[in-house]
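Have a look at these structures, which come just after this line.
Common to both upcoming complexes is subunit A, partnered first by subunit B, then by subunit C.
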Partner chain A sequence: MIKFFLMVNKQGQTRLSKYYEHVEINKRTLLETEVIKSCLSRSNEQCSFIEFKDFKLIYRQYAALFIVVGVNDTENEMAIYEFIHNFVEVLDEYFSRVSELDIMFNLDKVHIILDEMVLNGCIVETNRARILAPLLILDKMSE
Partner chain B sequence: MPAVSKGDGMRGLAVFISDIRNFNFRNKLSADNDSLWKVFSRCLSTLGSRTVAKGKSKEAEIKRINKELANIRSKFKGDKALDGYSKKKYVCKLLFIFLLGHDIDFGHMEAVNLLSSNRYTEKQIGYLFISVLVNSNSELIRLINNAIKNDLASRNPTFMGLALHCIANVGSREMAEAFAGEIPKILVAGDTMDSVKQSAALCLLRLYRTSPDLVPMGDWTSRVVHLLNDQHLGVVTAATSLITTLAQKNPEEFKTSVSLAVSRLSRIVTSASTDLQDYTYYFVPAPWLSVKLLRLLQCYPPPEDPAVRGRLTECLETVLNKAQEPPKSKKVQHSNAKNAVLFEAISLIIHHDSEPNLLVRACNQLGQFLQHRETNLRYLALESMCTLASSEFSHEAVKTHIETVINALKTERDVSVRQRAVDLLYAMCDRSNAQQIVAEMLSYLETADYSIREEIVLKVAILAEKYAVDYTWYVDTILNLIRIAGDYVSEEVWYRVIQIVINRDDVQGYAAKTVFEALQAPACHENLVKVGGYILGEFGNLIAGDPRSSPLIQFNLLHSKFHLCSVPTRALLLSTYIKFVNLFPEVKATIQDVLRSDSQLRNADVELQQRAVEYLRLSTVASTDILATVLEEMPPFPERESSILAKLKKKKGPNTVTDLEEAKRERSADVNGGPEPAPASAASTPSPSADLLGLGATPPAPAGPPPSSGGLLVDVFSDSPSAVAPLAPGSEDNFARFVCKNNGVLFENQLLQIGLKSEFRQNLGRMFIFYGNKTSTQFLSFTPTLICSDDLQTNLSLQTKPVDPTVDGGAQVQQVVNIECVSDFTEAPVLNIQFRYGGTFQNVSVKLPITLNKFFQPTEMASQDFFQRWKQLSSPQQEVQNIFKAKHPMDTEITKAKIIGFGSALLEDVDPNPANFVGAGIIHTRTTQIGCLLRLEPNLQAQMYRLTLRTSKEAVSRRLCALLSEQF
Partner chain C sequence: MVVPSLKLQDLIEEIRGAKTQAQEREVIQKECAHIRASFRDGDPLHRHRQLAKLLYVHMLGYPAHFGQMECLKLITSPRFTDKRVGYLGAMLLLDERQDAHLLITNSIKNDLSQGIQAVQGLALCTLSTVGSAEMCRDLATEVEKLLLQPGPYVRKKAVLTAVHIIRKVPELSNIFLPPCAQLLHERHHGVLLGTITLITELCERSPAALKHFRKVVPQLVQILWTLVTTGYSTEHSISGVSDPFLQVQILRLLRILGRNHEESSETMNDLLAQVATNTDTSRNAGNAVLFETVLTIMDIRSVAGLRVLAVNILGRFLLNSDKNIRYVALTSLLRVVQSDHSAVQRHRPTVVECLREPDASLSRRALELSLALVNSSNVRAMTQELQSFLESCPPDLRADCASGILLAAESNHWYKWQPGALENMGTSCWRGAVRKPSPFSRIRQVVSVYGSCLDVELQQRAVEYNALFQKYDHMRAAILEKMPLVERGGTQDEEAKESKEAQHSEAALVPTEPQASKLLDLLDLLDGTSGAAQPPPPLEPSSEGTSVHLLDLPCVSSAPASIPNLKVFEREGLQLNLSFVRPPGTPALLLIMVTAINTSEADVTHFVCQAAVPKSFQLQLQAPSGDTVPAQGGLPVTQLLRILNPKKAPLRLKLRLTYNHFGQSVQEIFEVNNLPVETWQ
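So, the complex of A and B:
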């Protein structure tokens, strides 16, 4: 099960956080700081999976932005690792070449995308067209 | 794709975000020519420079945020009603501020209001805010539930989707209560849209996880399983997650999912990748769904139906074959997705552990990955291989990769990969390669990361002991361990080496010689001094013949380290000295001088001082014979589970180690050569160094599971799913003791202690059951079950929650049982406890002391009233009398205490005969109240009692009489 999904930049600023298990709000900041610290301290030669407390972190770096997923031991590391990329490709398709700014300014939309892909800590949809369908309806309605 | 307008037209929001943004630096994911960036860089340049000091920018950010928060707060509080758009804007801002790590303590109400908006965008922001910010015990849940109810009823699929997402994200108990009945219907209804089905599946999963009791299995279960056949792969993906969780809890009910999952998997794996349209990811057909299906199959043993089994084997072979084929795409995404499926398939093969051919193929595949240039693959391959090593079919195949793994240990740049390599070496170790593996681990230890040193030390110590053919090798290895990583050698490790040396006389001389040589080093670790001190104290005589290690030289060598050591070590050395006095009379005077010196006799440390005083006295007054008896060589230690292993298990969690151990148990014969069990003299020989024996005291392993054949209870409860052990011996006695009291120890054996604490009020009660693990090893699959006969079930209602299935060594878990007495009852419920300890299955049953008299309320009454009522209850069915012999001394005070403990009031000055005891009370059940009167007449001369019970109900009189008669 996915425990949380984070997007954090190199400065340690959280750009998106989604918890699938309740974490006290004041503990979140601490957790996020620790998570990004352990990701930043790693080099390219190291693997993308970190044993962290009682769960595992799986992360990928895109320019200065880290996407970090915390999972328990029932998840397949490689599948989550590639799932992150799928998520980024969906963002890329929707925002046409996505940047950190897009994520900041369209947080609600990024959340919609993520909610379409992950629900209750489980991967629920991986088909790009279907992930974006509700957003496209939304865009049509606001036009 | 439409050009996305940044900020979605909400200008205020965009300005705010860019303000905050200006305090920070620019970060981009992939785009370089983002036109927007130009706008912001202008903003930036107006701020002066990009090198605004970090502290300053943080300060400015906080200032700006506080300003914005104040603004929003005043807007929300203002008189003017806000329109949906402004609410949405402000809620969006709050969300952004929250993400920056600031606490948001308002706005919840506004967000809830947005939920009832008819505009999708506003509703969506409302739901988003709630799922990010509202936790499951918020007071707002009721309002939110209302909005969700409306949306679910709206039949608008997008609204339904939002509402379901919200339940899945928040999932509180209150939500479960409100929607647990509704969601299964939505899930299996024929006319539900696919996307809504997906959400409903995971929503149900959430409710099942938080409140399983509210999600009853029912007609929908079989229909859920059939979602695996759904045309739509998205629905299958969601359903598989739900079914996997349900199947883990109710394997029988979801058994049919196996064949459906296999056929689904087979269709995916063997399809040409174009068949699955959009679910194909870089030429890999539905990789995430495949992974989930393979995971689901890991909830079950290999399929029994040969056709299904054949089809599954075919699938797994296809997956393995594909890994060998040339890739359909050079893109890394292709191989990643393919490998995700491959690793999951290998997990399934290992889980089934039944097809030697597949296991060996899996092993070869992983072997290839061990040399792959991608670190991720090497890491995962090492991890999978670790589990593969414990299968008897593939153990040998894994061993062929030893050189590669050792090489990984030396060359990997990532500590977590090296850690996996250590794990794998540990797992693949057996007698044939132990020397090599231990040597490699030792040499790695010299440069190993500090974070994993202790674990490596434990592993080396365990392997060295387990596979030692030659105990001189074992002693050398442990001494090397102390030399290389003395700081990480925990007490368990050096205790263990002493246990082994003491238990094996063929190695004692060698051990003495080796520690003596090791102690020659100018700087040696304190742990070495401890081991050396202890061993020379016991076996120094074995090397004393050599003039190079004469008694005096031995003593001087040890004493030269004395002043550099900590207090516990010095205490140990003092014990060694007194042992020397016994072993070598020629150094007695020297040692007495040392003991007599002020630095010993007047040492500030009370332990050292006491030892010095006592040892000095002992050496002066005791005759040689007495000295020889008191200071006799330590008796062999009782064979017990290695304390090191216990420690490693604790460190690594139960699964990793236990499984390996269990799997390997058959392969490794007992290498300790089973010394005689400790003679009773261990206790009667007051050795001065006896305190060393407190070796983390693991109690000796139990003789085995209690005999579990044909107890009477098994027949009585033959419809219960698993055989229940007959009642533990002594259970009846303990049961009787609890009739008159509520707290105490109900059961205790070498492994487990069960304590009770209960309270009763009228017809309700609550019992706290405490299960204490007395060992240092985890209990696994710990399942206590309350068993009531059908008859009892209708009269007594018990409710409890399952406890955590693992109980750590030394830990205690608590279970609460809520009790209601529906009607009067006679039998007692049985508490059956099943768990795994080490490799053995344990099964214990005890009678739970919930008895009718617990629902007694005492009633005070005067003598007159008592006899009036006594007369009213005079029909023969209402009275039960018992005359019995006293089993305990007839003490008035104790008897009084027992009657009060029984629950009735003790009425003084009622009976004309002051020696008699009279009590009164009311038994409360859900349906009725039953008045009870009792009279106990002791006859001291005959040592007999006569007990008379009168109640309005015969069964009650009978039961109370039986219960109370047992007490005297």
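So, the complex of A and C:
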């Protein structure tokens, strides 16, 4: 089960945070800082899976942005690693070469995309066309 | 006049423009004031914009609880844009502890039943994120209705909401169990994925459900088979693998269903073999599926050939250049090394290679796995590898490595073949401890374990080491200093002398007689390092610090003071000495090494030593090293006594000796006086 999904940049600013298990508001910032610290301290030679408190972190770096997913130990790390890339590819298609700014200024859309892909900590949809369909309809409606 | 508040984009721009934390806070506080005002009496048409800003601010860590009621208002609005932001706000701001969340139950109920897919989707999403137990109970039937509705968009979400409901209210499992059978016939991958997750959740929670779902194993096998063999299906393929996420999920469910169940496991065998051999491993997606397959094979009752195949796949992973894959391989091998030992043994060389990983989490796992793979046939080679690893490994792994080596050697009775081995290991441990004193106490503890071994040499060495560890810390650097070259040679006799020498010398050892080969072995190992003088090994920052380190030894809380030896008996050249060890970590245990040495002209034969202690103690005598104490200071007879003193009562010890000496049989019974207080306190 996915516990949380974070996008944090190298300066420690959170660009997206989604928690699938309740975490207190004040604890969230702390968690995010610790998570980014552990990710930043990894070198290129180290693997992308970190054991952190009572969950596992799987992270991938895209330019200056870290996508970190926290899972419990029943999850297959490599599948989640693949899922992160899948997510980024979806964003890439929607925003046409996504960048950190796109995510910042269109946070609500990114949330919609994530909600289409993960429900309650479980992966629900991974097909790009199906994920983006409702969003494209929404865009059309609001034009 | 109300200043028009910023649009979300502009707010983000302003926050980005803030140079300091204080400036950012200022901007945000100003904006929050606007937002609050607008909530009170602002234009309902733009309410969603205000809430969107508030949510952004909330993500940055600022308090946003005053937006909760706004979420509720927005959710009830008929406009989709309002609902969207409202529900998002509900998911982010509300949680079970607040009463406000109950108020959205009604809205969710309405939205679930009103037929617009997008809205239903929103409602389901929110329910599955923040739904409390009561909400779940109220809305379970609505969700159930949606499970079998035509539109897959809603169904896939409904299924996963069902998972959430079951997690919150396990009793409701029985209403979600029946639809599963039909849902499995689904072609839509999203719904299928959700269904598998639902079935997995049901099976994990109830053994009855587990039994029920064993029936669908053939169906699952069929689904997976189709996925794997239909070749390139563009719809869900990632890196050439058809929907790896679905494959992984099915494999996980098969694992749960096949565990401890012969019949189901048999049904899966062919499929698992097929997946294991035919999955494309050039990209991560394929490897993820392969990894899950291996985990499943190892967990169910699979045939032996399949298990070996799985272990070999893990072995292949170890050779992969991708460190992520090596990581999961090492973790999995650790899990199966006990049950499939011989299969894992085949990959021993690769595992040993992994000791050199730059990533600490990988080398730690490699170390654990290497230690688990030591057996009597490879112990010599392995300890050599591990020893060289000890030289260069990161400091926090040293203690584990050193104690691991010793324990592995012990359990493989290696010392029987190589008497010098214990010294090699002990010395490298000691050297390891010179560089990093903190694992010291553990090493001492492990070496103390040897004190109770049967082999006399081992015992002797161990007790000597222990004594050395205890008494001569301050001399460690000096003792380990490189010695001037001397002749090799020396006989067995020298051994006893050498140990006494080690105990009595004060400064750097300067040999005055032909050196016991053992002592030279001890110091021979120090090519390249010589304690204090030379430049430090790369890992230790302080150089002259060896002496500092020694004085700075961390206080082990139960650090035993070194207990002086006691000479308890002497008659016509036969001497009896007692040496004491109180191993740290076991405060009630006292080890006594009884040493009988004979300086007279005639051998002492049929030597038997017996001991007695007061009732509250437990005494265990181990077999003596022999029953002849040779004349003229020959090899002493040693015997180990283990005394357990849980009540910490004052120790009293009575000894009875019987032997033949000078043609006479002698019996001596006496109580040992002057036992040092440290033996029992």
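The criterion applied here is as follows: the second predicted complex is superposed on the first by the 143 of 143 C-alpha atoms of A that agree within 3 Å, B and C clash if a C-alpha of one lies under 4 Å from a C-alpha of the other, contacts with A are read in each partner's own complex, and residues count from 1 in each chain.
What we mean here is this: contacts are C-beta pairs under 8 Å (C-beta built on N, C-alpha and C of every residue); 3 or more make two chains touch, one makes a residue touch a chain.
Just so you know, these numbers come straight off a predicted model, no measurement behind them.
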Discussion item. Let me test your reading of the model: by the given contact rule, A:Ser38 touches which partner, first (subunit B), second (subunit C), both or neither?
Written reply: neither
Practice prompt. Pick one for A:Ser99: touches subunit B only (first), subunit C only (second), both, or neither.
Written response: first
Discussion item. For A:Leu138, using the defined touch cut-off, is the partner it touches subunit B, subunit C, both, or neither? Pick first, second, both or neither.
Written reply: both
Discussion item. In the superposed model, which partner reaches more residues of subunit A, subunit B or subunit C?
Written reply: B
Worksheet entry | Partner chain in contact with A:Ala79 - subunit B first, subunit C second, else both or neither | both
Discussion item. Is A:Leu65 touching anything from subunit B or subunit C once the two structures are fitted on A? First, second, both or neither.
Written reply: first
Discussion item. I'd like to know which partner A:Asn120 touches here: subunit B for first, subunit C for second, both or neither.
Written reply: both
Worksheet item: Where does A:Asn9 make contact in the superposed view: on subunit B (first), on subunit C (second), on both, or on neither?
Response: first
Worksheet item: Which subunit A residues contact subunit B in one complex and subunit C in the other?
Response: 13-14, 16-17, 20, 22, 25, 28-29, 43, 45-51, 74, 76-79, 81-83, 85-86, 104-105, 107-108, 111-112, 115, 119-120, 122-127, 130, 134, 137-138, 141-142
Fill in: Residue ranges of subunit C touching subunit A (in the complex, touch as defined)
8-9, 12, 16, 52, 55-56, 58-61, 63, 80-81, 84-85, 88, 95-96, 118, 121, 124-125, 128-129, 153, 156-157, 160-161, 163-164, 189-190, 193-194, 197, 235-236, 238, 243-245, 248-249, 252, 284-285, 287-288, 291-292, 295, 323-328, 358-362
Discussion item. Quick check: in the complex, which residue numbers of subunit B touch subunit A?
Written reply: 1-4, 6-9, 14, 17, 21, 24-25, 27-31, 34, 36-37, 40, 92, 95-96, 99-101, 103, 119-121, 124-125, 128, 132, 135-136, 158, 161, 165, 168-169, 171, 195, 198-199, 202-203, 205-206, 233-234, 237-238, 241, 278-279, 281, 286-289, 291-292, 295, 333, 336-337, 339-341, 343-344, 347, 375-376, 378-380, 413-414, 416-417
Worksheet item: What residues on subunit A touch subunit B, complex-wise?
Response: 9-11, 13-18, 20, 22, 25-26, 28-29, 32, 42-43, 45-51, 62-65, 74, 76-79, 81-83, 85-86, 88, 92-109, 111-112, 115, 119-120, 122-130, 133-134, 136-139, 141-143
Discussion item. Residue numbers of subunit A touching subunit C in their complex, please.
Written reply: 13-14, 16-17, 20, 22, 25, 28-29, 43, 45-51, 74, 76-79, 81-83, 85-86, 104-105, 107-108, 111-112, 115, 119-120, 122-127, 130, 134, 137-138, 141-142
